[in-house]
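Inspection log for the structure reproduced underneath, given as structure tokens.
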Amino acid sequence: MIVTVKQNAREEEIQSLILWLESFGLQVRTWIGEKYTLIGLIGDTSSLDGRLIESMPVVEKITRIQEPYKNATRRLHPEDTVVDVSGVKIGGGHFAMIAGPCSVESREQIIDIAKQVKASGATILRGGAFKPRSSPYSFQGMGADGIELLLEAKKETGLPIVSEIMDISQLPLFEDVDMLQIGARNMQNFTLLKEVGKLDKPVLLKRGLSATYEEWLMAAEYIMSEGNHQVVLCERGIRTFETKTRNTLDITAIPMMHELTHLPVIIDPSHAAGMSRMVHPLSLAATGAGADGLIIEVHNNPAKALCDGPQALTPDAFDEVTRDVTALRNALRR
Amino acid sequence: MIVTVKQNAREEEIQSLILWLESFGLQVRTWIGEKYTLIGLIGDTSSLDGRLIESMPVVEKITRIQEPYKNATRRLHPEDTVVDVSGVKIGGGHFAMIAGPCSVESREQIIDIAKQVKASGATILRGGAFKPRSSPYSFQGMGADGIELLLEAKKETGLPIVSEIMDISQLPLFEDVDMLQIGARNMQNFTLLKEVGKLDKPVLLKRGLSATYEEWLMAAEYIMSEGNHQVVLCERGIRTFETKTRNTLDITAIPMMHELTHLPVIIDPSHAAGMSRMVHPLSLAATGAGADGLIIEVHNNPAKALCDGPQALTPDAFDEVTRDVTALRNALRR
Amino acid sequence: MIVTVKQNAREEEIQSLILWLESFGLQVRTWIGEKYTLIGLIGDTSSLDGRLIESMPVVEKITRIQEPYKNATRRLHPEDTVVDVSGVKIGGGHFAMIAGPCSVESREQIIDIAKQVKASGATILRGGAFKPRSSPYSFQGMGADGIELLLEAKKETGLPIVSEIMDISQLPLFEDVDMLQIGARNMQNFTLLKEVGKLDKPVLLKRGLSATYEEWLMAAEYIMSEGNHQVVLCERGIRTFETKTRNTLDITAIPMMHELTHLPVIIDPSHAAGMSRMVHPLSLAATGAGADGLIIEVHNNPAKALCDGPQALTPDAFDEVTRDVTALRNALRR
Amino acid sequence: MIVTVKQNAREEEIQSLILWLESFGLQVRTWIGEKYTLIGLIGDTSSLDGRLIESMPVVEKITRIQEPYKNATRRLHPEDTVVDVSGVKIGGGHFAMIAGPCSVESREQIIDIAKQVKASGATILRGGAFKPRSSPYSFQGMGADGIELLLEAKKETGLPIVSEIMDISQLPLFEDVDMLQIGARNMQNFTLLKEVGKLDKPVLLKRGLSATYEEWLMAAEYIMSEGNHQVVLCERGIRTFETKTRNTLDITAIPMMHELTHLPVIIDPSHAAGMSRMVHPLSLAATGAGADGLIIEVHNNPAKALCDGPQALTPDAFDEVTRDVTALRNALRR
């Protein structure tokens, strides 16, 4: 971290600032220019509150050089992380196709869909048991029963399952779930992040609706700092001024996150636009941009889906998506 | 809710849509125009998923007429709600001045500050024991010990206390805390909202960083739908493109929320800008716009504060704010 | 347009509203429900100010049914528009590859680049003569001389040229330029839009930094309403909270605009991210999503470019992009 | 400007970077730390393109120390600028009350309103002759005739007038207009900014819908760099995710801009919310926050206004606003 001292700072003010900075256990190096004095801080500055330093009357501004996410940064971990979901790999060239309904609704529904998406090439089954809904009066998911049905579908098809956990009190129910999903609204539920960080289980971390790349990586860092490094990042659309789509897919997140971190990055085209007819073009866009996988909502009867029906594909439409995604990957030799 | 049917819809498609809509238990009225057919839904539509209806192939668009927040809406509850925090009233003409440090740091610190802000006119003491920090490496608060010290400061000064709860597992520790704060990042932690909704204790609900008025009211509705109607809304700055301030205070939230809801609305000028020197002008702005109170960070040594020092006022600066706020309220006969 | 009347409106108020609405020359149809009265307006409502109607005391809300952009809407013009730029077609299956430097800097530079991008498959040459720069102290372009050099490059290579016009006073200089570009900052410069609308020359209309789809289409409508229907829309990144990239490419604009309008939609991956190393993945994403073309900055010496060097590709890197874009289009049989 | 060199840069790369930086005519000072090498650039860096330097392979990042707006910055010009509009002062303690209709509609209308707002204490008359409308089918203003009527109203009442100019071709018509308004959509119409910069006439510069403080100041700098320093900044609401209000008033712009610049800052509460009933609370908020004035839409018949009727106050409501604004200013001894 570089601290720029104000032009009119007096010598004793600078000395007192240096002493104060040294009190954080960091080495301090000073560079006196004609107009400005710069102070370099050497050591681990990730726990330092930059805004506090900036509030000192003699400080002009500070510049961070190291990223505050030391586990997630690619700079210190250049190799791609490959996450293993009960045998299915994601990242480092392994492309994941995750599919299934927004909500588990019945035994028949989930097993039926699981079989169909598997036949089309899906490698992991998704399905919501606990649903974060903006209205308390909307269907909130089947809860524990939904998890049971997902496990049955897993048994029936062999597909590993991923489902969203909303609160640490639900942890015991997820023991046999292969991958935990942290939803966009919980991306900064730090209590939850820390607890899943203590598990030995892959985590699918969705990006918050208006989170920056750094905030998203800091959320991953919360999980990783507790020991769990099996984190897959999922871009699912950010909030913008556009109201004709539910959210706006940030396609640049794929190459940018690949630069900033070694963790895999997948895309959720279903939530991003909130419209089933956008899933095909957005899936091809994501694949073209280098995503490590897709997570797509598929329902055998979208018009009757208890949640997010408008964005679900039919199994047939999903089949078309997987075919074109494969053609595109082959053409680009991926 | 009004459903507009597409121009080219065939008669049997319209009939089938009507049957489907009736299956939700609503009365349906039809109006056939020259180009468009409109279908009106009569009854409680708050649990209806508008997007699902909109996804039907024959539907052009839907228009909501009722707000989905039936407990929070002023339309059905025209009288101002007055929230009582252990004897201190907020709303309906009662102005709350809440002050204290970002984090509780020590017995001396919190009692010292509590006494000083009380002398300046504060009516409720704030102080963080559990701190949501964007980095896992930053100070996370004193936890249970912090709550203990707040209770001591309450005993010493008589000021009711408000503190942030981050997870339902912390509920037992907050038994004697007078008011629970739900932070901006937890505004859509629905599990937490529902649990505090079961208590008989006032809740301070901060607005999420990029939440709309409706989402904020739906979060209040989550609490109210469980029975707890003692909710105070707190605007604390929204995220915008401006990077010179931490967030951007949405001053219009005050008159707009007063129109939409009967719940009191207070302002947090400290977090909004993230700069102590903005607190004075923003406090006067909020008072001018009709806020029901302010929540201000005060620290006896901002430069040593363990969190958010840059935005804390000294007790003297806080005293100036309270004096000018009072002068302004008198001038406007509030 | 549907006007919903307030629940408590009195009969005479409704009658007076109807008379007032009829004064706009529209037919009015009324539907009286149990709780609400709806008024339908029949006729061309595109010149009606919805907000004015909404401000009437007895009006609850209004709902637009027709789009306000009657020339640009696909609903009334289902066939794809194919824009012809001096023989090069864009739209309706014709893919345009536009390339060249941000600014024209010298005769040698522009001719050299023109030849190289043509060899790689570019079909139109871009180059800035008038540059909108956020600082008055930055290089503002070569002006009229730049246009001259572009015309020389056109003569030399046969490539049609596109260049940005910033003000109607520059119109005479653009007489021989094949396609006029309206920049993002001028998307709502209505005087300029109307003037280019009177020409018989294709226009490349960039989307404003925070413009919605509807505002962008209304800008196209300004041009089209004057008679010029040769408009190509260009998405070049929108402003979001992310600061690691210059802007955020809205990839969904491609399929959504294809739904809303019959005009071609191309993508500018260079400005979108502001980083040359993002151009390759974003170009593939855009192609996957169905763009009608790309406009890419290419410079023979990016480090010496007088403007926007960081985002320019070298001719070799551009060659790689065109090869992969072609492979991808072939794989998807486009 | 400080350039941080990458950790792994080789000595010859650093030397070549230094030579390149010196070629811009700047003095270069180097500081070699343990891990990083810093290069300080001394001299006027306002014409330097920071992103170009940042794109050099050996550069880690750059940090600007000087603001790029050297005429507008308060750092170099600590005294408040007082703008004189034909005798009416704005800034440095002088509070301006600007009022009038959105559009000039007729002789009677503008003179009637002018008299009424003058009686209530307005010091400058506003009125639009050229109206930037998002639809080409909406009323576009009376044009030259509107300017004539404004001049008549000025003669009748003695109030100086301010009106919006949309294009440099309109300049001759504005010769007798006391103050030129640049609208939000034209904030980065650089051709227009430069031309009004050559005049000896005050300019009211509205902030763009999603402009940052720095972009807004750079727009002022465009005007000032040509010699015209009589610039008044006007905050009129920024675009946010909220759709219940037209825009969101950024109240913090007042104290922040007062810190960054010596130019006066006024507020437009009418456009900010787009609702007449928000004008009173927002006017008091702006006054509390220290604005140098207000610009308010007043119409003698808002329901018949040809543009923006929903946000206009009646003359009586305006009278109430001026009374409360005065009371508030007195209470705060301003």
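Per-chain residue numbering starts at 1, and chain names A, B, C and D are given in the order in which the chains are listed.
Note that a contact is a pair of C-beta atoms (placed from the backbone, for glycine too) under 8 Å apart; a residue touches a chain by one contact, two chains touch by 3 or more.
Here the structure is a predicted model, which is why all the values come from computation and not from measurement.
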| item | value |
| --- | --- |
| Length of the shortest touching-chain route, chain A through to chain C | 1 |
| Shortest path length from chain B to chain D (each step joins two touching chains) | 1 |
| Label of the chain whose CA centroid is most distant from the centroid of chain D | A |
| Rotation, 0 to 180 degrees and nearest 5, that superposes chain A on copy chain B via CA atoms | 180 |
| Between B-C and C-D, the pair with more C-beta contacts | C-D |
| Between chain C and chain D, centroid-to-centroid distance (C-alpha), Å | 26 |
| Separation of mean Cα positions, chain C and chain B [Å, integer] | 39 |
| In chain B, residues with contacts to at least two other chains | 210, 239, 241, 243 |
| Residue ranges of chain C touching chain B (in the complex, touch as defined) | 2, 4, 29, 31, 33-36, 38, 40, 42, 60-61, 63, 65, 239, 241, 243 |
| Parts of chain A lying in touch with chain B, wherever the complex brings them together | 46-47, 49, 51-52, 54-56, 68, 132-138, 140, 166-169, 185-186, 188-192, 194, 209-210, 215, 218, 221-222, 225-226, 239, 246, 274-276, 302-303, 305, 307-310 |
| Footprint of chain C on chain A - complex, ascending | 210, 212-214, 238, 240-245, 248-252, 254-256, 259-260, 272-273, 277-278, 281-282, 284-290, 324, 327-328, 330-332 |
